[in-house]
Each structure stands twice: as C-alpha cells, then as structure tokens.
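The first chain written gets the first letter, and so on, giving A, B, C and D; residue counts start at 1 in each chain.
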Amino acid sequence: MARHSLRVTVWNENLHEQHQESVKKIYPNGMHVPIADGIKRELRDVAVRTATFDEPEHGLTAGVLAETDVMTWWGHAAHERVEDAVVERVHQRVLDGMGLVVLHSGHKSKIFMRLMGTSCRLRWREMGEREVVWTVSPSHPIAAGVPQAFVIPHQEMYGEFFDIPPPDELVFISSFEGGEVFRGGCCFRRGAGRIFYFSPGHEEYPVYFQPEVQRVIANAVAWCGAAAQPNDDVSSRQDNAPHHWFLARQVK
Amino acid sequence: MARHSLRVTVWNENLHEQHQESVKKIYPNGMHVPIADGIKRELRDVAVRTATFDEPEHGLTAGVLAETDVMTWWGHAAHERVEDAVVERVHQRVLDGMGLVVLHSGHKSKIFMRLMGTSCRLRWREMGEREVVWTVSPSHPIAAGVPQAFVIPHQEMYGEFFDIPPPDELVFISSFEGGEVFRGGCCFRRGAGRIFYFSPGHEEYPVYFQPEVQRVIANAVAWCGAAAQPNDDVSSRQDNAPHHWFLARQVK
Amino acid sequence: MARHSLRVTVWNENLHEQHQESVKKIYPNGMHVPIADGIKRELRDVAVRTATFDEPEHGLTAGVLAETDVMTWWGHAAHERVEDAVVERVHQRVLDGMGLVVLHSGHKSKIFMRLMGTSCRLRWREMGEREVVWTVSPSHPIAAGVPQAFVIPHQEMYGEFFDIPPPDELVFISSFEGGEVFRGGCCFRRGAGRIFYFSPGHEEYPVYFQPEVQRVIANAVAWCGAAAQPNDDVSSRQDNAPHHWFLARQVK
Amino acid sequence: MARHSLRVTVWNENLHEQHQESVKKIYPNGMHVPIADGIKRELRDVAVRTATFDEPEHGLTAGVLAETDVMTWWGHAAHERVEDAVVERVHQRVLDGMGLVVLHSGHKSKIFMRLMGTSCRLRWREMGEREVVWTVSPSHPIAAGVPQAFVIPHQEMYGEFFDIPPPDELVFISSFEGGEVFRGGCCFRRGAGRIFYFSPGHEEYPVYFQPEVQRVIANAVAWCGAAAQPNDDVSSRQDNAPHHWFLARQVK
C-alpha cells in the first residue's frame, strides 16, 4: 500500500496578526507560517497547505477537507463567526479519520467544544509569565525528542480547572510562574479520528518560533495522522446486521 | 450537611407505548412506570418524578431541571423532534453536576450525541435474541448486587462498532446469541456531571420489569448522583485569575 | 444489609519520629496520630486503629487484615525491611477488595510497587518549597469540600516524571515553587480493590495537621472503602466454567 | 536518525509441542515458528529471532535482551519454572522501553502478573468453541487491516471476569459460542514500555497459522516497538533535582 505523503492543512484565524500592531510585529505573515514551517522541517514526506478565516468557507471547502489527513486549528477572536456548516464538515471528517491538532485559544472553538461535549472553559491571566512544559508520558510519540521539561519564557497563563473530558492520554502538564498548573497536552480518540490539544501559543509572544513547540506540533501531526484507516467499509461496521453475517466472510 | 433525598426525573418519550399495539401490551402505562418503580424499590431516600415527550417543554422546564439531581432518558422515534432549547438546558445541567442515565435507543438522542461528540452509531438486529450481560468491573458500585452474568431472554441486538469516546469506566459487556458483543454499560465524566449509558431495554420486550435490569438502573442513578458538589463557586474555578489569588485563601 | 462501620487501619513506619529530633518535635506521637484523628473527625461511622513497623508482623497480622476495610500506608526509611509475607498478605487483601491509601514516600514501598508493576521513581528536592495542590476533577468524591487550589507552605518537592501506570482517575496535580509539577492525587483500581496515592506529607513539616490534607485523606478512605463487594463468590467469577452455566441461574 | 530494523524475539515455552502428541501434530516445529513467520511476512524491515524455555537462561540472556526491541511471550505449563532472575531482567527491559506482546495463556506468566500487579485470573473452558474477535477501536494501529469481526473456528474459551487493571486502550473483545465475552486485546503502558495482551492461541488448535491472528500479532509488535525513546538520560528525568535545573537547559 503506497501511502501518499501526509497532507496537512494549517488553519489560522489570522485576525490578530492583521489588526493588532503588537501581534503584527511578531507574526508579520501570520502564525500559520511558522507553524507550517515547523511541520515541514520536522516531518519528512509531508504536504502542507494553509487556510485562514477570511477565505471563502474559511478555506475549508469540501475539496480541501477531502485532501486533508491532519488539520491544525488556531482561533480566538472569531470563534463565533466560524460558519456552522464548516464546523459540521470538519467534525464529520474527524469522525471519519482526519486528525485534528487544536492549539492554545482553540480550546473555545466550536469544533473543539463539539468534539469534547463540555464547556472547555479554563482559568487564564495575561502577565507574560514563564511557563514550564513537563512531559508526563516520556515514551509517547508526541514527546519524542522533546526535553523532559522545557521553558517558554513568556506566556499567557492557562490554568485548571480545564473543563474537558478526562483525556484518553495525558502527555504534557504545564506550570506557570504564578503557581498554576494546566493539562496542556491531551490526546483524545473520537470516531476514527485522533485529536491533540496543545496549550502553548499566545499571539503576543513568539511561541510558534520556538523549536520545542514546533517539535511537539510536528509530532502531534504525525501521531494524529497515524490512525489506522478502518479496512471495513462503514456499512459493514454499523447499522442493521444480518444474523451471522461474519461467518460468510470467514477465512476458509 | 443535611442532604435532601436524591431527586430523580425519569424521562420517557412514551410514543411507542401509545401508538404501537405490541408495545402497549407490555408497557400499558409507559416504560417510565417500571423504570421509576425499580428506582424507588432499590434506593432508599429517593424522590422520583416522571416526564414525557408530549408534555410542554417535554416536561423538562427550567424548574424541573433545577430540582433534578439525576435524570434517566429513554427516547427513540422522536429524537429529532426534541426541542433544541430543552437539549441545551439538559446539557448545561449535566455540566453543572446533574447525573444522566441514558437507556437503550437513547444512544442516538440529541443530548447523548452532544455530550459524546461522536456519531454514537452502532450495529443492530431485531430477532429477539438472548442477551447475556457480563460484569467486567465487579467492584464498581453500579455492579453491586448484580450477578457476574445475567440473561435477558429476548432483546434487540446492539453490536460493535459502537461509536462513542473510550468510556472512562467500562462496567458491562453484552454478548448476543448471534455472536455480537457490545459495550453496554459505560461511565463518562463530563464537566461536574456523571453519565452512564446502559443498553438493555427494547420496547418490544419486558426488559424494564426484570429485577437485574432495574437493579443496574437504580445503582447507576445512585452513582451518577454521588458526584461531589464542587465547593468553590464557579468564578473561583475558571476565567480570569489574579496573580497568587490562592494565597489569599490560605489556611492560617 | 446493615453494614458495619468502615474499619480503617492507619499504618505508619514511625521510625523518623523516634530517631530524628526534628521530626520528633513535629510528630511527638507519630504521624499516625494526626492522620487517624483527621479520619475520625471527617468521617462518620468509622473505626480506626493504628499499626506500626516495630510491632510483630508490623502490626498487620492476618487477623487485623481480615478486619480492615481500608488501610493507609506511610513508609520511607524501612521500605526494604518490611516482611515479604506481610506485603503478600496486604496485596491479596487489596485484590480481594480492601482499599489502600498510599501517602507521600510510600510511593517506593514494596506494596505500592507491587500493585503498580513499575519503578514508581520520581524527581525530588528538599528545600521546603511552597506546594499548591490543584483539583483537576472537581466533582470527584475525593475532592469534596476541598478548595480548587490549596497551599502547603513548606514541602519536599516531588516532581515528574513519576513512573506509575497511567492513573485510572487523576484528581490532583501539584505545582512547586521551583516550577515542577506532580500528579499527586491518583486513583487506581486493582482486582476488587481501590487504591489512592496522595503525595503531600513529608516528615519534616506538619503537613498531616493541615485540615485540607486531612480532608483529602478522609475522602480517599471513604472512596476506597466504597468499592462494591462482588456478590458472586469467587468460584463463580473465575476458573473452569461449564457450558451455559449462567442459564441455570437465570431469573424465571 | 538511521534507526535499525525492529529487533523481535519470539519467546515460546515449547513444551506442549514436544511432549503432547496432539500438539506436536499441529505445531511440529513449535508455535514460535508460525508466530515468527507471520511477523516476518507482515512487517517490513524486521529482524526476528526465537528463544525457548529449554535454552540456558531460557534463551533470554542479558545480551539477547539488550538487542531486543519487542518480545512476544507464550507460556503455560512451566510458568512457575521460569527463573526469577530472567523475569526480573525482562521486567526491567520493559520499563526501559522494550515492547512486550503477551499471548493467550501467558496471562498467568510471572512477567505479565508482575507488570499488571493483579492476579490475572480468568474463566475458561476447553470445548473447541467458535470465537469471534470484534474490533472496538477500529482506527487503532493494532486493528489496521483486521476485519471488524473475524472468526476463529475452534478455541479454548477465555471469559470474564479477567482480573487485570483497566486497560489503557481496549482494542478487541471476543465472544464465544457458549455466550461468554472476553477483553482479549488490551494495551498497557508501563514505564517507557508498551504491552499488548492478545488472547487467541490455544495449543490444541492451529490458531497461529490463521492470517488475521498473525496480522494482529504483527501489528502489535509494530505498535509496541513504536514507543518513543525518551531523549533525556534517566538521571535528568528522576531522582534528586537542583532548583531550577531546567533553566540551564533553556533554549536561548
């Protein structure tokens, strides 16, 4: 089975970068650029495209989704304005096997809340505190090549209680200078898809240029893209089933 | 802390019982009656009310919800016709700590799919097969007093793949005469609430009169009602947090 | 079913308290006294006894174990000298349904390592740093009445990576002044028993007199003691099984 | 990083095959031969060796272990006679990152019980019943290319209650003609290693020649071998840590 390159779509709201001077200085071309660059540098055999809020259908047409194995998602100011039809389409693709890497303030995006079923609220504070990211699952593929602890010099604080379902796997926990902790690296399996939430990445700091952060995102893209493609067609997996249907398929 | 009785609302669509002769014979007063009877018999200190689809707001007004600690949910024919505002209200109450016991075909209810974030599809067959319910977590409170295996003589088959998130705790697995298996007793924690899905209960068989089934439902009601009430007000748990806010609250 | 009071055995190595002046000043009667006092104050209807390393069979005879529903365990200096026969006996009782609350340096006890199957190593530092204990599962019974964050003014630092199996439920995460994090409140289910590990409690600080810590320990004792007693005898649950043995037990 | 081929050691007790005529007929060269053949056929770039009970140190010398990335384990009659020093060595290697695939009656091996911390008992019956293996996690890499349900025509029945810790991931559930169910495909993470238990494989039936079974074992070998190698040396991950040690390692 000659598998194609992993096809990644880096989605970025890209509004702060256009409308806020302080952000424009850090990310003059939008956060999606360093995010995409990191993925390309770290992964071999990957095809990365970007898409942003302002494009028609937010750049997430049925065609783009059909050609996407893993999507990364950064949003904040325009969560409410993301079209429901697009959210519905992304949701279905995740359940059908597309990976989804949700970044930072994406925790309150429609798509993440829909997949989680909870409020996804958290505690926060903007003071540019030091964040330390700790690996609590050192053999997890998403932690490969990542130091057991690494420092992000200045970050928005995200703290518990974070209202998510208990993660299927917990990979990273962050601490902040002020004393808060946060489950900032969480794996979820939903339908045939895999989801990874990763909290670092405020728009006011150059977090997405930091090599360790890029490494985690690239690892997450690879992991989310490694879900097995179910080899049975959907109709054989679900819905009305004849009695002893599986005997007909038995190996002789 | 003098806790009041556990307040339970048994919700039942109650349409098959009115419009289908075969069902009317088995459940002349609606499935909610034996379900409520079982809960009352098994649990001490419980206040049970019932509510059905045909009532205004499906009997689930804000007032009723405010006075409900645990709700059980049976629905099937009218899933699509349950009002979104009511679903929204129930969802919020679960996240705020209300327990929810979802029964049988409730797997495709709006409220369950919303809490799970997945399609909740499954394999099914109506042949009146024998179901055996196996306890795989014998010390779980929901299995208390339940035989390690018990038989439901005739049931609709529900089989895998069941498209739910990996359960936070798996209590029962069923087998069917035709060879299928099903994760039929699953615990989920969402927000401050607990959810239990229990698959037995087709409307064409007197399943809800069976003592073991009633016992499981009563245990599940008690377990879902035992979530601790978070003692911090919501505002202290989430949203914007001053630096070192917790030091002000320190025990002297 | 008139259940007896919850029978708790507070086990304490009680060697630092006898041989180290600094510890003797804080815990003149041994740490087991404030631990036991806290349990008695917080729980109703509980019978608490204590046992220590120096007693014959470490005070954990077959008779004592047979009358113990939940045990708490504090050890450190004498881990290696705890008799294997006693460890074997405690292990078997846990699998048969006894609860076990393992405290602080008990992470390297023979009994905890045996139940976990891993090395249970961690990172540590003795500097008397401030610890903040964060609830990440606010509706868990072990968090009932516990502030969302509480401060232990001076503590030994315990940090990740903590080599345990992924906890079945994660209730608390600690942060330390130095920036480390630690999964310090972890639930495990093993056999018919429940285990809770709770990290606060260095012998050089009066941690076990602190009300929040006592509250958590009492809650943990109650939770570990709430495992359902499997109602089937062991022989019906396991080993050689006749064909269709469960049909003979079917409800008529 | 030019990674070497995945190095697999297929361990087989290989006693039934020598001493029991009925087994000798099915597996004249020992079960390890079809197991190894299946792994070689399904995986690319793999180096497979075999080892058996009768060899010195059961063929599991320190040298062999140092060159093994993943081990498969089949044992039954001689569980008690496996040397403790070898078990200790294998245990340590798993915690250090070696994968372990435990097959069928290996559930009662010293190494599996040690890693689990529980009794690992189960219900069983030898009647040559039909087993159906159901995938409950269709996108898991261990299920890749495996039908959603497949039939093993004749098998020993293994049924619940299976006394293991709650699996970190549940991939397969089996049903048997007699009505029992079994969690027969379970993932566990312990230390830096991954473990997969797979129940099919009685010595009296040619189960290990069946393509689907070989496929699952090969997938499991690949998955267990895909644990990331922690890039920090062990001393940086654990034990005594200077204050702010991680700042010295910060990216400039």
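To be clear about the criterion, contacts are C-beta pairs under 8 Å (C-beta built on N, C-alpha and C of every residue); 3 or more make two chains touch, one makes a residue touch a chain.
Predicted model only: the values in this text are computed from it and were never measured.
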| item | value |
| --- | --- |
| Other chains in touch with both subunit A and subunit B | C, D |
| Inter-copy rotation, subunit A to subunit D, in degrees (Cα atoms; steps of 5) | 180 |
| Geometric centre distance via CA averages, subunit C-subunit B, whole Å | 32 |
| Rounded Å distance, subunit B centre to subunit D centre (Cα mean) | 37 |
| Multi-partner residues of subunit B (each touching 2 or more other chains) | 132, 137-138, 148-149, 159, 161, 166, 168-169, 179-180, 189, 191, 237, 246 |
| Arrangement of touching chains [line / ring / star / complete / other] | complete |
| In the complex, subunit D residues that touch subunit A | 97, 132, 137-141, 143-151, 153, 168-169, 189, 191-194, 210-212, 226-232, 236-237, 246-247, 249-251 |
| Subunit A-touching residues of subunit B, taken from the complex the two chains share | 95, 114-119, 121-125, 127, 157, 159, 161, 163, 165-166, 168, 178-180, 188-191, 237-244, 246 |
| Subunit C residues within the subunit A interface of the complex | 130, 132, 134-138, 148-149, 159-162, 166, 169-170, 173-177, 179-181, 183 |
